[in-house]
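Chain lettering (A, B, C and D) follows the sequence in which the chains are written, and residue indices restart at 1 in each chain.
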Amino acid sequence: MTSDRNRLSGPLADPTADAGYPDTHPPRMGFFTDTSVCIGCKACQVACKEWNLVPAETGELDLLGQSFDNTGALSANNWRHVAFIEQTVTPDRPPVDLGMPAIGPPAGDASDAGDGQVRWLMSSDVCKHCTHAACLDVCPTGSLFRTEFGTVVVQEDICNGCGYCVPACPYGVIDIRPGDGRAFKCTLCYDRLGAGREPACAQACPTDSIQFGPLEELRERADLRVTELHERGVDEARLYGRDPQDGVGGDGAFFLLLDEPEVYGLPPDPVVTTRDLPSMWRHAATAAVGVAVSVALSFLERGALERRKP
Amino acid sequence: MGLWQWIDGWPVYRQLTGDDALGRGSAARSRGTERLSARTERADRVVRSVCPYCAVGCGQKVYVKDEKVIQIEGDPDSPISRGRLCPKGAASKQLVTGPGRISAVLHRPPHGTGWERIPLDRAMDMIADRVVATRRQTWQDTHHGVPVRRTLGIASLGGATLDNEENYLMKKLYTALGAIQIENQARI
Amino acid sequence: MAECHPVGFQWVVEARERGATIIHVDPRFTRTSALADVHVPLRAGTDIAFLGALINHVLSNDKDFREYVVAYTNAPAILREDFADTEDLDGLFSGFDPDSHHYETTSWMYEGARASAAAGDRDRWPASGDEGGPGAADRQHGGGELRETGRAHSYGAGGPALSGKPAMDPTLRHPRCVYQVLKRHFARYTPELVEDVCGVPRELFTRVADAITANSGRERTTALCYSVGWTQHTVGVQYIRTAAILQALLGNIGRPGGGILALRGHASIQGSTDVPTLYDLLPGYIPMPHAHQHQDLDAFVAADAGTTGFWGNMRAYVVSLLKAWWGEAADEENDYRFDWLPRLTGDHGTYRTVLNQLSGECKGYFLVGENPAVGSANSKLQRLGLANLDWLVVRDLRLIESATFWQDGPEIETGELRTEEIPTEVFFLPAAAHTEKDGSFTNTQRLLQWHHAAVEPPGDARSDLWFYHHLGRIIREKLAGSTDPRDRPLLDLTWDYPTSGPLAEPSADAVLAEINGHGQDGQPLSSFTQLRDDGSTSCGVWIYCGVRADGHNRAANRRPRDEQSRVAPDWGWAWPANRRILYNRASADPEGRPWSERKRYVWWDAEQGRWTGEDVPDCEADKPPDYRPPPGARAQDALAGTDPFIMQSDGRAWLFAPAGLADGPLPAHYEPYESPVDNPLYGQQTNPALQAYDHPANRYHPAGSEVYPYAFTTYRLTEHHTAGGMSRTLPYLSELQPEFFCEVSPELAAERGLEHLGWATITTARTAVEARVLVTERIRPLRIRGRTIHQVGLPYHWGPNGLSKGDAANELLSVVLDPNVRIQESKAATCDIQPGRRPRGPALRAHVAAYRRRAGLNEDEGTPPGAGEGQR
Amino acid sequence: MTGGGERERSMVPRAEFRSYYGRPILKRPTWKVPDVPGYLFLGGTAGASATMAAVAELTGRRELAGAGRWVAAGASVAGVAALVHDLGRPERFAHMLRVLKPTSPLSVGSWILAPFSTLATASAASQATGRLPGLGRFAGFGSGVLGPAMCTYTAVLLSDTAVPAWHEAYPELPYVFAGSALTGAAGAALLCAPRADHGPPIRMGLLGTAMELAALHRVERRLGLVGEPYVTGRPGRLLTLSKALVVAGAGLSLVSGRRAAPLLAGGAYLAAGLCTRFGIFAAGIASAQDPVYVVTPQRQGLGAAGLP
């Protein structure tokens, strides 16, 4: 028990207990986003904004040209983001990601992919509510904290907008809201969970691509699902963020993907930065000692020093 | 006592005395967090409704607080939608409370270059006058000798978000007026 | 479906997870395609060829569900000898009059059946819409050049009347039986033809054909879902007919998991048809009467309704309606005031109305939650109509383009109109939202669902119920005391709805009570079978009778889904009689036993002597399967216990439609009015009976035009709603799809130099619009007879107002209509596309004019070669 | 989106990698320029100056100690101001002391910076007013003890992020910052202290130069692809300039006889310190902006561990 406490990386059976909650705390809750049934309707994005009163995009609306994605990425004002990836799939070849880049018409490659079938991947991204959450770890004010549901939430009355969580997140989730100054991200609808309700996005999701529930149950369900898809010949199905052995100790919000994570804009094998923090502190301490010693050395007796000079 | 409360409320103190030494969970909870609750829990009433966009007919629950709509979401009881909504349905609250909704009657006189605000009852009276006048002016008792009892001077085109009861009154009134060019999005 | 009905699509996804095969047929690769097992991209406007080939596949391989077909369809009926098919007449059926572009349909009748639709008796009016001219009425009585209006509707939901029994050949071998005629008619609809017409490879077609036939029959059913991609064509009704033939042959109608499911696009568009704000219908699909010299109620009923099937009770429905409207003032003596109904004399549809606005005949216009200035085909025509009115009332939530056209419409920019010169007086009345009023929507599955008012509307906003109730009240007050007979229908109208609250909101429940109807004792009726034609019952919408049975608003029923069966009869109320699957008698075999245990739904319980099952049986519950009608039986009594299609006069599904259609008893592939290719099937290029309107602002492209070489189609995106009035104005939706764009294939992009995210100008003879370019593999060029056909995809949600702005795709469309229901062809037309933004101001007109000149379309003269009113 | 073709074997790592329309995976750090890199410089300079002042005090170099205290106080106050200014909600700066989180370098740093800047300011104030000299001396020693931590914790601040260039450099960055702090403090002393006291700062500068150059060299050599931003583009130019300046500072500090030399040396050191911090800051931003620095190293890590 004690050896498991206050760990910064690796598997952690109960991050909630680790965050000081009594044993009576509710089970860890999370999302399983099954992208194999996502229809890219973006209901999750809107339901999230309606519930959490997240501001709409400010300034000029612009077409991104990234298939039907005009949001781009998760941000302080987009706590859900649906990615759209257009591919041609030819048997026995890895999928070819199709153009729509800002670098001109992909006419050249098109003939290459002509005989393939079009595949359109869609995936609703969200904060991962990591077992080892770097944003939470580095937050200097305690604004980011772990809730009794094991989720990671920003406390808006505390955040002072120091911005440390922003570069700490290995998934590029959390961000500072322009004009507000504070950091925002998915709360897994902490307030709704408190009322025994499911998060707005999961409730809205028409095809149940976004599933909400106790993480343990979701993991079992996901394992079954991926097995089932493999049996159906969908070999490319894989789980992302489900493994408690991974670099962040497993995600509270994990995914079933149909291609490599980076194709969806996800890091392939993220590691919580604080895993290396003890080592960092040691290096910093050594270097600090180096400073002290260097200063001290610099004050060694004048004469002696000058004598030693070549 | 005030000091003690302050110290007790200081997360560092809770870090030192509680189970959350690193200040990553229970010790870091704020007053705002302790007060947090879902606004649907504070609603004065919940009203059953139906999504106004497409014809799937998803159930909606409309949460009202202080005579304002504070949330609209899917009705999990519905056998049609099971509580789910599409982006449009999920944006219903913005549809009914969002920017751009006009709440005053606007009038543009013939050849006018801008809107003028007029009272609703005056507008109703003016519209009734125009209906009566146009009907009188364009009335046909017969058409090529065959009785028709109608006017082709007045037409109507309705959207398909009209309630059945509204459509019913429209058809009834227009028919009694003798107006036949009564159409709906359903034709389009 | 995923694109436009995402929440409905959950059931498709669930079916897929349970092993169903999902096939998506669409020119584009959409969100639906993304989850489908098979995506079939085809050329827009060629579905009849595709479906026809499926029918041919079924017939030539004996894949039909024979017992079902023999017992429940008109396959055994024998046709008249003088019927000639498109195979004989190169794309025309017998009876076509090339001068009026109109079919005389007598030869389509069954042999032995008396065609009650004899010329002059049927309810219709001379040709050319309103322009019959002197003598037209005489011609009517002389037979000859006749033309129906909105014809399918004019027969009500049940189609036209037939009397007498057709000769039948249950062996289906008679050369003139429907089955054999069908076989011959579709014989040329082969996989090779599909490749040639639709651009669908043979292998892909075969895969679809195999999947559908393998999944139909006794143990399995296949459902077809469609939307306006099937209806917005000059052959829209025939699209649905083709699907109906296929499904009837496969035994997929009236059975669970089967059907042809219309996915309607608006919350109560079904309701707007049932309780029609449509010119050619009265409530419950009773046709509006047409003008005749002497026609009373009985003649009207006799002309329209057959005597057999449930439409045999039409007089009771009409009398109950007239009683609902005119109460005590309507009685047997005065024919229930049947003569107070205004009369039609042709086409009075929304597009004809616009022409009437342009000609000055139509002077006042109500737009009630509708935005034709960007939402209707040929939007410019619409705006020119609006700009030529005396007065216009617009009721909406926000300032839509139809309310502001005089201020900032595109014609102001081009200089075609000047604000000061537009005479139209415009009233904008803010409307109440669905959360601010009581009322019912009828959804796509005929389910009435009540929505309750949650809050009061803001400011001057009012419900449309309020508006019409009070408008009627004020008009009646102004006319009170009038002795003018034309005002009697208004003054005698039952219009005393109770109001309540500070806004004097009329009671929607009271209106629903009138819709439901009541007996002489004032008690609510519980079923339309209680309706009488003697004036003792009153009912506003006969098909809705029972929604308020026992005074209980069943549309507001909301028993949670977990607390009831999968059919969920206690959630809302479905017309008719709360039946969830229509014609469900067909889910059992002729003896009343379920076709299979897997697909059991309703069945005959011999012990109880009743039909029973999961749903309300769609037949008389106590009519045994072995019932045979006695000679001379009327209405439902004339249908046998084995006849499931109880609204049809013969109780059978019509593979062949002997009457009721303006453009043929069988579907045939005709090209869209504007098509990049010639019709490879027949010499007849387009629907011979289609309705075109010749107007300088409504020019058509010749077929195969090199000036307008590309096909285009319009459609919706999940993030927006129709013409955008309810979505472009919302920040959360606008940011998701912020701009008008066109979708083109990489090949077309290369051919025309279009750059991803650059601008494109799309030009038709109507106007030109500009759109950002999305180059995507989801749009595929099709190979058709050695030629590459490019298609341009255009979502039609935009307009100049709102948060997310852009040109309206509907500007590009011409107005050309299906002859049966007068819906415009907005799913297939031709255009040119060039890189760059469109010209501004007067230069835009010059740009469009230059295109027209190159295409040989003269500026001010009428018809382009071969494109007269009516047909090509 | 990028590349295509074979994913298995390729000469150029860049061509292998796939991404979502080339978009960055990580968020661009929102820390403001010049606030945060400026603070890194000020904090380091203040820390080393305070320590130098304390040692100078102990070794009887009162004037050097005085100059050091001024620099420590001034730089730390300016540093605090920069940090508060950087906050999205500056009025909530006190929330920094709400918790004490060893997992957060910024929390730890706040608990270092707060006493340090208080002590440094107190000691400078005492020095200026002549009041409470004992307490002033004590405060000076206190800040001197905290000084080294001030120099190097900021390296952890940067390294404890997902930003590839910062995180991967965590074994070296403290030494870069330590060296740069030494040269910074030396530079300030060369500018402010009397010539008689230039000996210790000159030696501090030389030691700092050596430390910084060695550590930077190792960063550039060891990190491979992730080290790229340190040698390319604007951050690369800034760091090259920094190295040139620090070498120039060291050289100039050894020139004797010329009156301007120590001033030039001090200026060069200070400029070098700024360039180092701005360069390293910018290198991190650049590495966060390009998904290649996220995907490729993680993919290579995966390759070693086998696919999931």
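Here is the rule we use: a contact is a pair of C-beta atoms (placed from the backbone, for glycine too) under 8 Å apart; a residue touches a chain by one contact, two chains touch by 3 or more.
Not measured: the values here are computed from a predicted model.
Participant: Which chain pair is joined by more contacting C-beta pairs, A-C or B-C?
Facilitator: If we tally the C-beta pairs in contact for B-C and A-C, the bigger total goes to B-C.
Participant: Could you tell me which chain's Cα centre is nearest to the average position of every protein Cα atom shown?
Facilitator: B
Participant: Taking the mean of the CA coordinates per chain, how far is chain B from chain C in Å?
Facilitator: Whole-Å distance between the two chain centres: 27.
Participant: Counting only Cα atoms for the centres, state how far chain A is from chain C in Å.
Facilitator: The answer is 47 Å.
Participant: With chain centres taken as the means of their Cα atoms, state the distance from chain A to chain B in Å.
Facilitator: A distance of 36 Å separates the two centres.
Participant: From the C-alpha centre of chain B to that of chain D, how far is it in Å?
Facilitator: Here chain B and chain D have centroids separated by 56 Å.
Participant: Taking each residue of chain B in turn, which ones touch at least two of the other chains?
Facilitator: Those would be 11, 22-24, 27-28, 72, 76, 84-89, 91, 94.
Participant: Return the residues of chain A touching two or more other chains; collapse runs of consecutive numbers into ranges.
Facilitator: Where chain A meets two or more other chains at a single residue, that happens at 41-43, 45-46, 50, 99-101, 137, 142-143, 158, 206.
Participant: Which positions in chain C touch two or more other chains at once?
Facilitator: Within chain C, residues 6-7, 10, 718-719, 731-733, 736, 803 contact more than one other chain.
Participant: Going by the touch rule stated at the top, which chains touch which?
Facilitator: So the chains that touch one another pair up as A-B, A-C, A-D, B-C, B-D.
Participant: Please output the residues of chain A touching chain B within their complex, sorted ascending.
Facilitator: Per the stated touch rule, the residues are 6, 16, 18-22, 41-43, 45-47, 50-51, 136-137, 142-148, 153, 155-158, 189-192, 194-195, 197, 200, 203-206.
Participant: Any idea which chain A residues touch chain C in the complex?
Facilitator: Interface residues on the chain A side: 37, 39-43, 45-46, 49-50, 56-57, 61-63, 65, 67-68, 70-71, 86, 88, 98-102, 104-107, 110, 113, 118-122, 206-208.
Participant: Which stretch or stretches of chain B touch chain C in the complex?
Facilitator: So the residues of chain B touching chain C come out as 45, 47-60, 62, 64, 67-69, 72, 75-82, 84-89, 91-92, 94-96, 98-111, 113-115, 119-120, 123-132, 134, 137-139, 141, 143-188.
Participant: Considering the complex alone, what residue numbers of chain B touch chain D?
Facilitator: Per the stated touch rule, the residues are 10-12, 15, 22-24, 27-28.
Participant: In the complex of these two chains, what residues of chain D are touching chain A?
Facilitator: 1, 4, 7, 17-31, 47-48, 51-52, 55-56, 59, 61, 86-90, 92-93, 95-96, 98-99, 101, 103-107, 109-110, 147-149, 151-153, 155-157, 159-163, 166-167, 170-175, 177-178, 181-182, 199-204, 207-208, 211, 284, 288, 291, 294-295, 298-299, 301-302, 308
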